[in-house]
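Before anything else, here's the structure in question.
In order of appearance the chains are A, B, C, D, E and F, and numbering begins at 1 in each one.
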């Protein structure tokens, strides 16, 4: 034990970007003051994805950022290859950073003869020896339990609420589009000092297909914030907005974590009674950023903070429910007022 | 390939009872017309649990019924030992039947520095090589995904609703005690053709501890069915009952899947405005059966049907949402009207 | 042991088709006289793949046919979900039939900092508990060893050679496009009673980019069969054909197992000295089938035979090097002469 | 490699106490000069055990001390939850310290149709990703091999012998209660320079139940030390004591590692010819400590020394057979003379 | 479910012999009336072992008999290759029959910095997916717990005792060579209605190397049966025999399960006071069979019986402690009186 | 985080030698300036291999060097025991250094009913928890993919070519003995600026056994370098040498990575037209070193460099195809000119 020296230990975390999160990863590195790792990603003519990185990761703590988003199969297979390449190159640990994890929606057997696809993904990440996962607003918090490795589930709620507060809406009721999201709506309401309601779709007796959207809870004369975990076509948000308007709501805003919106959704949003939709940047989405009704808050500082704390062997617990003031401020910077 | 003969294959499934489900297992065997396997369970003076079964299970399909209930640690360790003993004795498959799985409540990291205990249990069952799990009304359906082995989650809903219908209450609103159970309440409401509401607990400004229980949704002049997955002290049910009464509800009934009720809960129930509490027999509970306000429906026929279909290589899918009429009738037999 | 009865055992294998092999699976079922299983495959608007099958597979031996072809990530994730869905529905075994396994090309670390993607895929199939794999002409036979589960690697060689013989070319030399395929060329040559040669690309001294394609071995005055495991653009085949022509070869034919050819490749083929290209139908490829220079032999009967033997508990060994005459005949039926 | 800094590395090991070893853990921390970690352990009304710790363990080496003693199922499930919570909170390693491991007694299939419960426990500890186990005097040394992770089995023998020497008994014969413990008795005898004998229970011809306890080996005119690994009721010790007395033994002492003794055992001891029983403190046992015939030696310094050496990356080998003089002295401090 | 037929199921178990147990396997097959499977075993010039079998094992229950004996590394690697070859050829189960498992002696860390080699072997058998192990007289019964798969440990005791009884020795004391085997000696003694004693080696004060072999227990005027699990050089047996002779024993016999004896041991036996050594045939050993003092009892019928019961889905429990009379008779047939 | 200190970290890697690589390991240590670890290796009389090391490896990075060579089963089992012993002694990582891995030849199922023995070995190394493998010139590069742990495959090519260059042969053609090695021959040719050819064995029509060895490619008037991965009897090398001589080749040299040569091979070499055979020292082989036609280059410096870089957390990539000049120089030192 007489002969000792210092373990070589790099000062900054090694962050790499997969093909689906290049912009997000740059925002993370900018917050960290770190350099994004050198990578090559090729989609060969025969369809195979090929990945390669350009520097030694031997005994380094590596973070690979790759949202599993609008091409989830390509995004996910790519991340498996990244982890395998890094582990075979003797990285001491590989943390998979998935700002959005699309397959978290597939979290149960809600009918017979189907797959629990989120568990399949979790097992595949473990079989390639990923060491940890960081993600945000899983469709259900139980998906964390699909992983045996540590899986940190960050929340956009404090950042989204900060944006709502900045906009300055009072006399607020938070509305979940359906009963399944009522529990999350309660969390937003508590954070904002608001009351709560939810949409309840029931079948009209005469015609099979027609549904009546009831609002359970009182919205009359109130300002409404509709909340959800993701939106694709803005259909549910718009229907809920019309229903609360019909029941006497005043201003209607909406906030969702993951903006999968494409052209169709942006059009529906334009035509809806929603005056402002607040989303995060977990998916690179130029169309959403440009839409006049949409405010994009960046959660890259929150992920960057998590990465830094992991690298510095500090706990993450204060990042979960109530992110530090300074981080939230950073997240709102540059966000449409 | 010329020489072939018939694989020896026993006509009836081999059902064994752990110490926590002796009565339930007898009801299952009675439905199946099967004989309960011979078992010895000893709690040694030094505290260790010892299990032994009394017949060969070589190449047999074995079912071990053991609720993980009011002594969940003892119940759960015992079931691990059962599975190990049976697999080491070369059972071709071991199905763990847990009518109640207490640790399914512990399904996420809702605060830092805690365990996801339901996943720990799932992994332990897999490490002893259990082949399948059958249970009922997991605290969240995602817990199914904690298992890699097939895990069938039966539902008490059709049986509980059949009992409600038998009692004959009209003009019904189903009330969830809180936002988290609103989605399930919606399922009961759809089954019963009812509307839906939920309890919303908020903090009074002046004193920290006092909570106001709001009811989101309309209950005035309606009959109410409060629903939940389990009850221990009847506290939440009684509070909700009082709140709906205060808002003009007429008759108040309640239905829960798992009756963990002991003396205190029975007393609270007696003193509450609830006129009838419908529960199942997933936990052996003589106290609950004897209480004048409690109707116990037996889900043993539902589990027996599942066991029979597995043994006969038939699908289980029709047992999940809408159990067959004949099975439901069997479940209600002998239930207090 | 007195009470015995017959294990229920279905007469025909349960075959299902994934989205990439619908046509191939129908040919397999037609050979087997079996009905293709009922399936639903949805690509949701947000990008997630959803799969569901429509009948009970409890304790059944299931075969899911899905080539991992031109969209290998979508094809592969889909097959993982199929296996998971079938195992969770208690199939007694699930055999993954991949007529082409695109990622088998990625079978080694030929440079630092890359992934061995074929091993990643093998591990993912095992983590979802697939029981067996059947595939054809893996890029290298060692890929079989990437699986711990049985993985049968069928060979197109006897079928391709039967087609060559039917065409009736004598005085043949089999030419590998490069040294790496020389061993396989030797196998074709032995089967056809031919000699062997290979292409050898070397760098011209003066200019970095120009390559000279040498032919090692004698082709002058001979008929040539160029062989390879797959072709995408026909570039290599065409270059080799020109080189052997330049060295005095007479007729030039080519045979490859997997036809990934699209428009570009078909055009290159048209303009090349190759008079006939023989391929199999491991990839559904209408363009290739219609090309006047291409003969498509079907290996569906070979796969069907393998499935039938597995279902009947017979060995597969005679299917590997020298497929039975009757099966080969079936494979050539309907093939362009 | 130019940029290096020091890995943050805490000076003292992080020691936590489970609910069964609070006192023992405090003695360990006192020896180490370390602070016991902050913990919350709740047994919920419905029976579930809940554990939570109060500080970050990210990248720390954690030691959780929990004897698996008189409530072995509760103790063991609790330790599984501890390990899971700590690993999910990214502890770099978790060492499970079980001063007594009750289920180590269940180390073989001594009859058909039973479980090897010690192996079940070992597998469960591994499935929650425990990194190492430290325990004492396993019922058989082979139980170490039930673990794939490092499992250190400390021995009480040098401490118990030191206490015997302090008492100062000469002309000693070490007596095992039965043939199965003869090998261990030989080790005590070698350590103490004594001879050896053992009890041999045989069946009397006339009545089935009556046993005759023979003593194989000579005890006449000698002082006797009866040794065993644990005692519950003192029954075996008392019977052996009477038998050696009947064969002319002079003073009779006894030494056992694990004192599971409760009221009944203490009474049996009082009435037996044993003048002194030496035990360790692997189980918190106020009753034993207070008994006039019992001397409790503390093995907490031995465990503390092991923890310190692990934390300092030093070998443990000298702790096994012959613990260092200074540690033994510390173990005897405060022990009844 | 309408279409059912009989699962093809072969009437006789498929038994194969590894290179170390050819003779033993033939005795097993002769008892079973089965044909030994066709095998090729090559030791290539470069040293590699190659194994191949000659018939389809698809969906068959296979038994591979291979003692891990005097060349344990060759024997053990060969058995790993057998299991792998059979599982890759889709055997439905592979049972490894190891009449002797030499590495079972290496069952604990009796000193620091060593391997628990028996656990290494158990894990290797499991990693190649062996389904079950049948062996005899493991060095310690705990080694069963090193396996997660079922591992049946047969006992030679009833057969060896039957041989002793046939010889007809009365007034018997069973002597273990040391304290570690005292427990097993007690079992022999109980079976034979004998008393028990053991050898106790202690160091003489004056010279380090000289040991005095004491006999603990009374042997004067008695006939002695020395028992052990294996013998290599007969050294321990001969020393013990001399010591009991010196203490007045009359006839001296010995019985061991595994006869690793080679020339040296046979010579030592000839010169020792042992009049008869009874061994089994778990190791093919022509030298031992020919020795005038050695009686070889065959345990092949016992293994054959186990194989037959497994194949017929019957329990093995009655084979363990008290083998059926008819089987024991078969074991003694042809044994030197 | 206030309290930090330096992790104890040893300055030099801990290198141990297994019994088959004592000389090689000493050369490695000499290059590293490190001391070879203290080891005891016993082959017990009953055949079992026993290993023990003599110093603490707690939290150390350990390298165990053991060629799996002419006694591959003994060599391989020994290495499993080394890894197990080191991991149980809490080494932080164990790297298995196998200069030659004999079973890498068994890398596929080239006929039915055989084992993929290289995969069996890979899985066994992983089941004992080896952390990394370093080896040289695997029979096929795909064998790397048989490991999930990092497996570095070094190449002798640059060192062998450096030796050829030192000898100074111009106008060179590299000849593979058969088509299977043509790809590697191409790599040698590229490195040496040579052309390429290969041997092609075909069957003569009249007699079954006689083979004609053709040389595909031109060797007339050229100097020839025959290359292969290993040689045992020099038979193939000698036959190829005769065939190229018969076709007008001038000087004939040969180079192989692994020299398994024994007396027979050395004699065949002497009598062959090969004027010089260049081999490495991956196998301790005194006979080869002494042969007048053999030049032994040492690859110990290459392995030592790999070990040093791993220990210093540096990438290995530059060691693979083009080893650094200084290392190659070191490898040639002392090699016969």
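In this text, a contact is a pair of C-beta atoms (placed from the backbone, for glycine too) under 8 Å apart; a residue touches a chain by one contact, two chains touch by 3 or more.
Computed from a predicted model, the values in this text were never measured in an experiment.
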Length of the shortest touching-chain route, subunit A through to subunit E: 2
Any chain in contact with subunit C as well as subunit E: B, F
Farthest-lying chain, centroid of Cα atoms versus that of subunit E: A
Same vs different contact residues, subunit B with subunit E, by half of numbers used: different
Identity of the chain that, by mean CA position, is farthest from subunit F: B
Equivalent interface to C-E, taken from B-E, B-D or E-F so that over half of the residue contact pairs match: B-E
Distance between chain centroids, defined by C-alpha means - subunit B, subunit F (Å): 62
Centre distance in Å when subunit D and subunit E are each reduced to the mean of their C-alpha atoms: 34
Distance between the centres, which are taken as Cα means, of subunit C and subunit A, whole angstrom: 40
Overlap residues in subunit F, where contacts from two or more other chains coincide: 1, 6-8, 55, 88-89, 109, 112-113, 116, 119, 123, 148, 312-317
Topology of the chain contact graph, where touching chains are joined (line, ring, star, complete, other): other
All pairs of touching chains, each written as two labels joined by a dash: A-B, A-C, A-D, A-F, B-C, B-D, B-E, C-E, C-F, D-E, D-F, E-F
Residue numbers on subunit F that touch subunit C, as the complex places them: 107-110, 112-113, 116, 118-119, 123, 140-146, 148, 153, 176, 178-180, 182-183, 185-186, 190, 195-198, 200, 202, 214, 216-217, 315-317, 320
Residue ranges of subunit E touching subunit C (in the complex, touch as defined): 1, 3-8, 55-56, 58-60, 87-90, 129, 312-314
Residue ranges of subunit A touching subunit C (in the complex, touch as defined): 45-55, 57, 69-74, 76-78, 80-82, 84-85, 88-89, 102-103, 105-106, 109, 111-117, 119-120, 123-124, 126-128, 230, 232-233, 260
Residue numbers on subunit C that touch subunit E, as the complex places them: 1, 6-12, 132, 148, 150, 309-310, 312-317
